[in-house]
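Attaching a single structure in structure tokens format; questions to follow.
Naming follows writing order (A, B and C), and every chain is counted from residue 1.
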Amino acid sequence: MELSAYPLELPPDDRPMVRFMNVTKSYGSLVVLDDLNLDIQRGEMVSVIGPSGSGKTTVLRMLMTLESINGGVIYIDGKPLTHMERKGVLVPADEAHLRRMRASIGMCFQHFNLFPHMTALQNCMEGPVQVLGLSKAEARDRSEELLKMVGMIDKKDQHPSRLSGGQQQRVAIARALAMRPRIMLFDEVTSALDPEVIGEVTEVIRRLVAEHDLTMLMVTHQMGFARDISDRICLFYKGKIEEQAAPEQFFTNPQRERTQQFLRAVKDAD
Amino acid sequence: MTFDWKWDFVWEIAPRLAAATLNTLLAAGSGYAIALVLGLALALGQRTRWPALTFILRETLEFIRSTPLVLQIFFIFYVGPQVGITLSPWVAGMMAIGLHYSAYLAEVYRAGIVAVPKGQWEACRALNMTTRDTYARIVLPQAVPQAIPGMGNYLVGIFKDTPMLSVIGVTELMQTANAIGSETYRFLEPYTLVGVIFLALSLPTAGLVRLLERVLRRKLGM
Amino acid sequence: MWDFLQTYGGRLAEGTLVTAAQFALATAVALVAALAAGLGRLSAHWPVRAAATTYVEIFRGTSLLVQLYWIFYVLPLFGISLPKLTAGFLSVGLNVGAYGAEIVRGSILSVQRGQWEAAYALSMSPWKRMRRIILPQALVLMLPPWGNLLIELLKGTALVALIGVADLMFVAKQINGSTFLSAEAFGTALVIYYLLARVLITPAMRRLERSMARRLGRA
């Protein structure tokens, strides 16, 4: 579809928090996302699963504008993410527009990516002070509250090198939340953790889902966890959505052959 | 002339050599300061989104690194006035050294920046930080400790290159030794002392640089 | 500019030849010195180590220009009077050799421990072990840093003009002195040095690297 054929804004009665509309992404001749259409509603928690190379991580990275888009449009709360309006049609967005849109989105990474030369507290305060313009005092209050929530308040003055993987990931979650995003992205946040600390992180996410109204998108291999807390499970295969359904339906009565294969393989691995 | 070391002579010329040493250190320091700042600008200049600029900078810097400093000094000193910029030997020398070494330091900075893990850049984008803040607060603080050994080596290098300024008349150590030599016809003491002074200054500096690197790493918690 | 090249091209070419000769001779000196000092610093006998280390620290810790003047003006006082051409390439060679010694030493140490042990198990004499097993592998590791060092050597030869050797820089200075066509004279000299470095030395080193890597079965 031509860029000019896409709506400049989504109508108020059809405005999911996130909409991928005919989105494609390729690296050279390798197609990673193939005409993807996906809606995520306000407050929904969607788990994205699938074999490696299926494009699931790319979905998150494109939302965080870490990857460019090759075709289609992504809408955040009705407004295009990486496009903007120019003379009545959509054109690729400039940096100012991207920064405005990015403010609603936060992300946690597989390898935490904490700033090594700052303490846990300073890591959390960095965004609010430098980007949101909060005073140091306000930022500190907010950060300490969040560190308390993730159970890391007594380690607030430690550098990441002194924290375990699970502890670092919890700080990373606090850091992302300090920006008060409307959408939270979790990119395999437990995949790099030792088994015994996975629980501390999933516990934090569990509480986030229960106590907050955030829209969340999570790429994960933790099937049990995904089943417990998600509103919807999405299976990706070769750049397209193979099947999506509520967890109960998805895990007990998968419709598609590939879904059944995938679930069998995952069960065997347990 | 035979080999005979006159200590009286040494004490006689010592004050002059001491003053020249100070001048040399000042010259090295100023040149280094220019190179530090200019080098960073040139390194960052190669990371903009204009490929033409990157190409021009890269080729120019390689040209500067591949040609003799002494020739660059002559070029700036003689060509400057001819295009209307009057330059004292001191200033011409500073500019030449600063420019020459900024080309090396740009490479050192570049290597340091590239060594910062990609995840750090992505975390900055996830927090919606501006490019300026990303560099100033996250990337460069991690890049600089990596760059310190290289930066320190070039400080020692600049110091050892200051004698080249003698060719355009700057009164640093080499020039002073030459002057003493032609005035008194005694070359042994001046040249030997100059060598000793260089050793006495460059060896400890190299040691200090290694120390600084260790301290910085610890302080930055890495 | 074209007129300039026509008039002075010949003299500049002669100067370039002298520079090339200085470069070749200095390189030979540097290689011998680097090998001797590099191996010397790894010797089991401490007098050898001390001598090698002294050489390296002195020539790396002082300025090339100072060394050049010392060898040309001060050595005669000790009875060693060298003609300026010799003083020139000798100083540059010894100076670069000191840096080269560190490269040699580092490369030999980098050759994997297993190679040493295998040669030891085959009961090779230390000399044979060094010559046939370690050095060939160290040679490949050495080439990239030597490539950069040779460019430094080329730049160093420019200083011999200051003791009167009629090399490229000397000629450029002469032309500048008589015509004040500074931009043309020095500019052309700069370009020639650049071409020597990037069009001759760097590709030659790369080709050498590739052929060595092939001989070691690695390319």
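The definition used in the following text is that a residue touches a chain if its C-beta (ideal position, glycine included) is under 8 Å from a C-beta of that chain, and two chains touch if they have at least 3 such contacts.
Note that the structure is a prediction, hence the values are computed from the model and not measured.
S.K.: Please categorise the chain-chain contact pattern as a line, ring, star, complete graph or other.
M.R.: Per interface graph, the chains form a line.
S.K.: Can you name the chain whose C-alpha mean lies closest to the mean of all the C-alpha atoms?
M.R.: Central chain: B.
S.K.: Farthest chain from chain C, going by mean C-alpha coordinates, please.
M.R.: So the farthest one, by centre of C-alpha atoms, is A.
S.K.: Indicate the whole-number Å distance between the mean C-alpha point of chain A and the mean C-alpha point of chain B.
M.R.: Averaging C-alpha atoms per chain gives centres 47 Å apart.
S.K.: With chain centres defined as C-alpha means, what is the inter-centre distance between chain A and chain C in Å?
M.R.: Inter-chain centre distance comes to 56 Å.
S.K.: Roughly how far is chain B from chain C, centre to centre by C-alpha average, rounded to an integer in Å?
M.R.: Chain centres of chain B and chain C, defined by C-alpha means, are spaced 22 Å apart.
S.K.: Mark out which residues of chain B touch at least two other chains, giving numbers and ranges.
M.R.: Not one residue in chain B touches at least two other chains.
S.K.: Note the residues in chain C that touch 2 or more other chains, in rising order.
M.R.: Within chain C, no residue contacts more than one other chain.
S.K.: Please give the residue numbers of chain C that touch chain B in the complex, ascending.
M.R.: Residue positions touching the partner: 57-58, 61-67, 69-70, 73-74, 76-79, 151, 154-156, 158-159, 162, 169, 172-173, 176, 180, 182-183, 186-187, 189-190, 193-194, 197-198.
S.K.: Tell me, which parts of chain B touch chain C in their complex?
M.R.: 1-3, 62-63, 65-72, 74-75, 78-79, 82, 160-164, 166-167, 174, 177-178, 181, 187-188, 191-192, 194-195, 198-199, 202-203
S.K.: Residues of chain B touching chain A in their complex?
M.R.: Counting only chain B, the residues touching chain A are 117, 119-120, 122-123, 125-130, 133, 137-138, 141-142, 220-222.
S.K.: Show me the residue ranges of chain A that touch chain B in the complex, using the header's touch definition.
M.R.: Touching chain B from chain A are residues 64-66, 99, 102-103, 105-107, 109, 111-119, 126-127, 130-131, 159-161, 175-176, 179.
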